[in-house]
Every structure is written in C-alpha cells, then in structure tokens.
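Everything below concerns the one structure shown next.
By written order: A, B and C. Residues from 1 in each chain.
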Amino acid sequence: MTRKVWMGLALLAVFSLFSLGLQEAWAAEETVKIGYCAPLSGPAAAWGLPGLEGTSIWVDKVNAAGGLKVGDKTYKIEIVKYDDEGDGAKALVGVKKLVLEDKVVAILMLGGATTPPTQPFLSKEKIMCFVLIASDIAPDRPYLMDVTDNFPAYHLLHTEYIADAHPKAKKAAIISQDDEIGLAAIAWSEAGFKAAGIDVVYSKAFGVSTTDFAPIITAVLEKKPDIISMGASYPEFQALICEQAYTQGWRGIITSACWDFGAILAKVPKEFMEGAVSGFPDFDDPKLTKDHHDFWAEWKKRYPDHSFSEIVWEYMGALDVWAYGAQKAGSVKSEDVFKALKAADTVPHSFGPGKWFGKETFGNDNLLVPTWPITEIHGGKPAIVAYKNLFDWLKDAKKKQILFDTLKAWNIKTYQ
Amino acid sequence: MALLQLKNLGKDFGRLVAVNRIDLTVEPGEIRGLIGPNGSGKTTIFNLITGFIPPSRGSVFFQGEDITDLPPHAVARRGLARTFQLTTLFKEMTALENVVMACHLHLRVGLWRQFWRTARTRRREKAVEFRAMELLEFMGMAERANELAGELPHGHQCALGISNALATNPKMILLDEPVGGMNPTETAQTMDRIRRLRDLGITVLLVEHDMKAVMSTCDRITCINFGNKIAEGTARDVCSSQDVIEAYLGGTSGVCSL
Amino acid sequence: MEFLFQTILNGLMTSSFYALIAVGLSLVFGVMHIVNFAHGEFYMLGAYTVWILFAKLQWPFFLAVAAAIVLVGLLGLISERLIFRQAHGQVLSGFIMSVGLVFILQVAVVKIWGLGKMKPVPAAFPEILNLGGVSTSWQRFIVIPVTILLLGALWVFLDRFRIGRALRASALNPDAAALQGISPKKCAAVAMLLGSAMAGAAGALMAPIMSVHPYMGHSVVWTAFVVVIVGGPGNIKGSIYAALLFGFLTTVITTWIDSTVADLVNALVMLFLLALRPEGVMGHD
C-alpha cells in the first residue's frame, strides 16, 4: 500500500515538473535560441572560449533594447552553449541536443574537425551553421556558411600587400602545421606569393605534435628567405617559430593568418615583429567605425585583462549576419533566414558590405567576402595600413590560374 | 634464551593450509635442519620468518623480540639473514661487486664523508673490498670473483647468495637448499663451510633435500609434512620416527641411508 | 658549414632535454617497476611553477627552477605515498594508477589556471649567443650545461651515497636488496622524489622555450618512453645514450625532411632495436 502511495507521489512530482517546464516554454515563446557549439575546453579552447565574450555583449545589447524586431514580433535572444572540446563525436551529441531539445534556429561553430560528423544531421534538419573556417564549405553542406573569417582566401591579399610594400623582398618561406587548416594556409599563401612574383623557397607542413622548432627553422633559414609566413600556425606554435627565427639570427618580414601577440612578445623583442603583416585589426583602430570602437570599450570594461583576438568578435559577427537575414526574411525559421541571406546582393559584414563567394573554390557561394583590411604591427599593436578586395584580385586571369594550379598541386579540391 | 622462536605459526593460501601450526625453537650456536617432502611448507616457513609474506596466525620471535610484522629489510637489519631456494642476486654484477655492494650497504659513513671520499672513506672502501674478497674466499668463490653473477653455474650462485647474506654480519642465517645443483665434492665443501659458520658464532637453520648432508651436519632436525611438525630431535631420533618414514615413503627412498 | 654546426647545436639541445626527462622516468621504473605515465604531468607542473614564480611573480629564473625541482619532487613523493605504494610493484596496476594521476593533475591545472591559450613565459636570458657563426639564445644553451650538472649530481648520488647505492641495488633486484636490509619503500620514495624532481627540472628549463599549457606533458612522455625503452628500462646510462641517439635523429630528420617523418623513424628505430636487443641497446650495466 505505502509503496503505491509513494509511486503515485513520485509520478505526480515528475508530471508537475514536466508541466512546469512546458509552462516555461510557453511563457518564453518570444525567445529565439541560437546554439553555440564550440571548444570551450581542451586544446582548441582558444578558438572557442573567447567567442562567448563577443556574443554575450551582443545578446545583452539586443535584449536590453527590448529584443530583435523580426516582422511584427520582437524576440529576446538566448545563446545555448555546448562544449564540444573540438571533438567530432562530442559535437554531434551537442548539435543534436541543441536542435532537438533546445530547438535552436541556428548554430555557431568553429568548424574544422567538428564539421564532417555534424553536417549530415544539420543539413537534414536544415539548420544554418555558421563556421569560422571557409574551407568547410562544400556542395553537400548547403546550410553551412562562413560569414566572418575569410581564411584562407585573405592570404592572397596579405601576400599581394607584401609585394607592393616591400619590392625588394624576393624570397618567401611558408610553414604551418600539417592539418587541414595548415595545409590550406600553405597552399593559398604559396599561390599568393607566386602570383605576386615572389619566389617560394620553402613551403612545408610540420607535425601538429612538434614542440621543438629549432631544426625546422634551421632548415628554413638555409634557404635565406626575406619573408617567413607562418600560414595558419596555431597560437602556441607562433611564439616558438618567432623565437627560433629570432635567436637563429634571421631578420625580415613575418606574416601570418592571425597572431597571438601576448605569447610572441614574451619571447622576442617588439622590434623583431615590427612591420609584420596580417589582417586582423584591434577594434580600437582609428580606421574602423564607431560601432567597432563602442564594442572595444564595452569589451575592455567587461574583460579588462583578457587579450583581444579575432575569435572575440567573429562568432558575434555571425549573429549580426543572422539577425540581418532574419529581419530581411521577417522570420526566424532557419530556411527562411538562409534564403533571405542568399538572395541579398550584399550582406553587411563586420568590415563592410560583403558579397557571396566560393562556388569555384569550395563548391558553394557560402563565404561572405568584404573588402578586407591589411594590418602591420607597429609598436607591438596591429594597425590598418591598406584595404584589399578578393574580387579585384581574382579579376586577373593569370593570377587566378596560378591559384587553381597551386591548390591542385597541394591536393586541395576545387570546383572550377 | 632461544634465538629464534616460532609460536603457533601458520599460513593459508586460500583453502590450502601450507603451514598449519608450527612451534619451533632454535638455540644460539645450533645448526638446525628443517626437512620434509616437496611442498611440505619449508620455504613458506622461511618466508614467514623473514617477513616476505604475512602469516595467517602465530608469531615469530628473534632474540626475544616479536618480529612477526616486520618487513624483510627490517628483519635483515636485526641480524637474521637468508638465502633463496632460487637464488636472489644482483645478476648484472660480478660476484665480487655483489658482495661489495652488500658490504657497502652496511658501512656507516657520514654523508659528508660519503661525498668527499676522505682518505678515511677510501681506506674503508679498500677494507670493504678486502672483506668482500674474504667472504668469497670463505665460500670458495675467489677464482670466480670477476664473473657475472647471472652467468655462474647454479651451485656457485648458491654459494654467492650465502656470501651476500654473510655480508650483513648476521647472527643467524636461514639457508634454503644451499647445495642444490652441486656435485658431491662441492656439497661436502659447502657443508664443511656451514659447520664453520657455527664456529664463527652464526646460528643456522638449514633446509635441504640432500639427507646425507643434513644428517651429517645438523645438531638437531625438525621434520614437517603438510605444514605440520611430525618429528624433532637428533638425526637418529628423526630417522627412527615412524611418521617420518611414512612421510617419505614413495618419495626419496630411505630417508636415513646413513 | 654553419648549417651543420647549427644542426649539431640543435641536436645537443634536444638530446639534453630528452636525457633529463627520460632519466627520471627510467629511475622510477627501475626502482619501483612502475610505468609512470604521469611523468609528463610532473614535467608540465615544473613548467607551470616557473610560469608562476618567474613570469608572474618575477623571481630570479634559477630560483624559480630550483623551486620547481623541489616542489615537483615533493609532489612525486606524495604521489608515491598516496597512490603508487598501493600498486605493490605490480606493473599493470601501477600503470593504471599513473594514468589516473595524469587526469587528476591535468584537471587540477585546468581548474586552477584555466585552459585557453598557452601561458607566456618570457625568456630569462634572451641574449643571443654566437658560436662561430651559429647562433642560439642563452636560454636554450643553458639547457645543455644544466642537464650535465643535474645528471652529474645524480651520478654522484647513486655512486657515492649509501642511499644511492641502495637505490641501485633495489633497482637491480628488490628481493636481494631487502635481504641486505634495504627498505624497498624507502627506495621507492627516494626514486620517486628524484625522478619527479628531474621531470620538474626539465619542465622548468623548457618553460621559456616550449609552450606551457595543461597538455604539454603528452608528447613529451611518449618521447621519454621511447628513449627509456631503447636505453633499457631502469638503465640510466642506457637512457643517456638513447637520448643522444634520438635527440640527433629527430633533429637531423626534422631539418632535412620533417617532424612527422622524424616521429615515424624514431618509432621504427625503437622497434628495430627492440627486436635486435630486447633488453635495451645497452644490455645490462
């Protein structure tokens, strides 16, 4: 008898909890959820964790203003995060949970290793997935897009800038780790240098488990390069590469997809990095807009001792684009937003109006390409020194041919 | 006072009673034989005495002190040395190095002197080497001093094991089949040396299957079977014990073929 | 010519590092018969100690290194007491316990100091050292003499001091050592203290040279295992020779081909040498 009473009470408790949950869902009807499935711990955390800083600033701002007006409704935004530790299997669990349980309408991801296992599910569910790695774009991943980071395409612009600014620099060496990202960086950089008339005297990938760069740099310096490109070397490698180049006596122009400056300047003097070329300005750069400066001020206020990297704003940049699409579509439904975005002639990117690109290189026009800033390091801080546009670069048929030949030589699939 | 005393000592391995309840008293200066058919529990008794395995019951007293729960190294430090049936040596070292190492570990020199190798330390090291050589000579191993211990024939390994045990300056030594693998001449020599140990004031507890050797060397003999003591006394007493004869029937024919 | 000298210098540097990390591991294995997977984490903690004391609290570099040696050594001692002693010299359970310790230490470090980016440790001696046309930083160069110093100190300890000799005896044959009155527990504790201290020293010296993050011990421990296995587990001299072999092999192959091939060749050389001489290149001492 008592057992039955207990069972009944337990059932009642479970049921009431359930209905409470339902009620909550009802009350929060005007909230739209966006998934954030990225490495928040593990070795790749540096590529995921800082993104939460930008997105939370964005969400707070939108919600404080009452929400996002889409059609005749106003939605509060909620970010639902999931730590995939940069691992494919965990990411798949994560996206399933986000889509099926949390009912998110779009997902922000890092891309790379977590893309192949998650895309079949996300494409089937027609959930938009914003990644930071353009080379993840593929014909069978219609809803995957990169609307912020132009890696690896911007290597073409960096190299062109170096050729413009340093006419005496004739020999370049390129190194990066031998994973998909590193190899793409090497291939695109090599194409860029060749197209700009610079000899590539060394271009080779190193193992991701490399801890000692002395022998690699010795081999690189044997070729007497004027320029060393670190491709898309992970932050932890960059400092070690710079340190070796410096201590083995090399002086010249360094370029890289992005920087981890704190780490590099712990190893080498500021002067060594003077004039180094990349494409990620700090958001307090005088050449940027008031929006950027406001964001910088807010970010500095919230995280006074964090260091700034593109990761801080790139996940947030995807939210901007998604919001633009939703407002244009008058709906938050994934497919509607997607269609609205693709139908737009230009879409506002953080660096200005962007156009869709990628059909020939990735098999799908899902990369948003704005006019991209070029930065040089001065006094240990990046400063915008030029703007370049990928579409301009591609107008030269000869250069374009070099690009596709080089990609082919590195076994990178193209869709020309 | 007895030097070594086992009270009610026993060991079970699961359901197997390897040693049941043994009482044994060894007087100082004695050579005591411990015999029994294969698997009767002799080695187990040694392991219990020297702390290599914990007993299931009973206790061990050495010089009146309860050493039942002491670990092997602590037992060794109290002057109770042993050898193993299958020898336990530093196989990668030469015979001499073995004994030198063993002697060294008992050399008390201040830390500072250990580091700086003062003249005195060096003198003492010379003395250690000299003593090691003496011990090897005592065991008839002098001409093999520079051979690797692991490559010596089994008989010599046994002898080296005894030298190592002696290096600790023991008051008592437990020998587990010290003449196993030796030819009759070597056996006779080793037995003679064991008798000389007694003359040096070292008490001996000897496990041996070579009955002739045991009977001619030991002052008193204890015989066990299935972990129980079945006879104790002089060689003659033990030989005439009906239990002993039965225990060995089918085994080694004629225990007392003296 | 310069190229050759630079490669030799690189090779010496790498070998010193390998020797430092492998000798400690070998010592622990030799005495305790424990394959200590957490050796890499001890190395990592040595690096973290330098990051905190030297990079953040501005202690003098060598004082920070000394502190790392002492602290990590003590941590080794504690883990012997609390964890490895329960393994009773059984290789498998010791190994599993050490893997457990790997996770405990990694998680602890992540929880305390966070993941994120690597911890930047500035060079204490950033001055460039020019040796007849080849150059390196003093920071890297000092690894060589400091390694020689530490290994020399270890040798003196094992050769002259009674407790050092006891350690060697216990490594060769714990039962025989016990018969000589040597406490295996005491030896295990001392071995763990010294072995971990060496790992701590390696991590401390490498902190300004390599990247400091919670998982830095992983790649290092694998290399250390290769070196120890080839040198003959428990054989310290063998570990030093094997460290020289692999230090130069890795350097030369990385310079001429690449680091992935170097890892592959290292593994192949290890398998080949093992097939040839299962007890290690050196055989027995």
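Keep in mind that, in the parts below, a residue touches a chain if its C-beta (ideal position, glycine included) is under 8 Å from a C-beta of that chain, and two chains touch if they have at least 3 such contacts.
This one's a predicted model, so the numbers in the text were calculated from it and none came from an experiment.
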item	value
Touch-based graph of the chains, sorted into line, ring, star, complete or other	line
Centroid comparison with chain C (C-alpha atoms), farthest chain	B
Mean-CA-position distance for chain C and chain B (Å)	41
Geometric centre distance via CA averages, chain B-chain A, whole Å	75
Approximate Å spacing (C-alpha centroids) for the pair chain A, chain C	37
Set of chain B residues in contact with two or more other chains	none
Contacting residues of chain B [partner chain C, same complex]	52, 71-74, 76-77, 81-84, 88-93, 101-102, 104-107, 109, 111, 114-115, 117, 164-165, 167-168
Residues of chain C defined as touching chain B within the complex	156, 160-162, 165-166, 168-169, 172-173, 175-185, 284-285
Chain A contact footprint on chain C (complex, rising order)	3, 6-7, 10, 13-14, 17, 55, 110, 115-118, 120-123, 126, 128, 134-137, 139-140, 208-211, 213, 215-216, 219-220, 250-252, 254-256, 258-260, 262-263
Contact set on chain A toward chain C in their complex	41-43, 45-46, 49-50, 178, 204-207, 209-212, 214-216, 218-219, 222, 235-237, 239-240, 243, 246-249, 260, 262-263, 265-269, 307
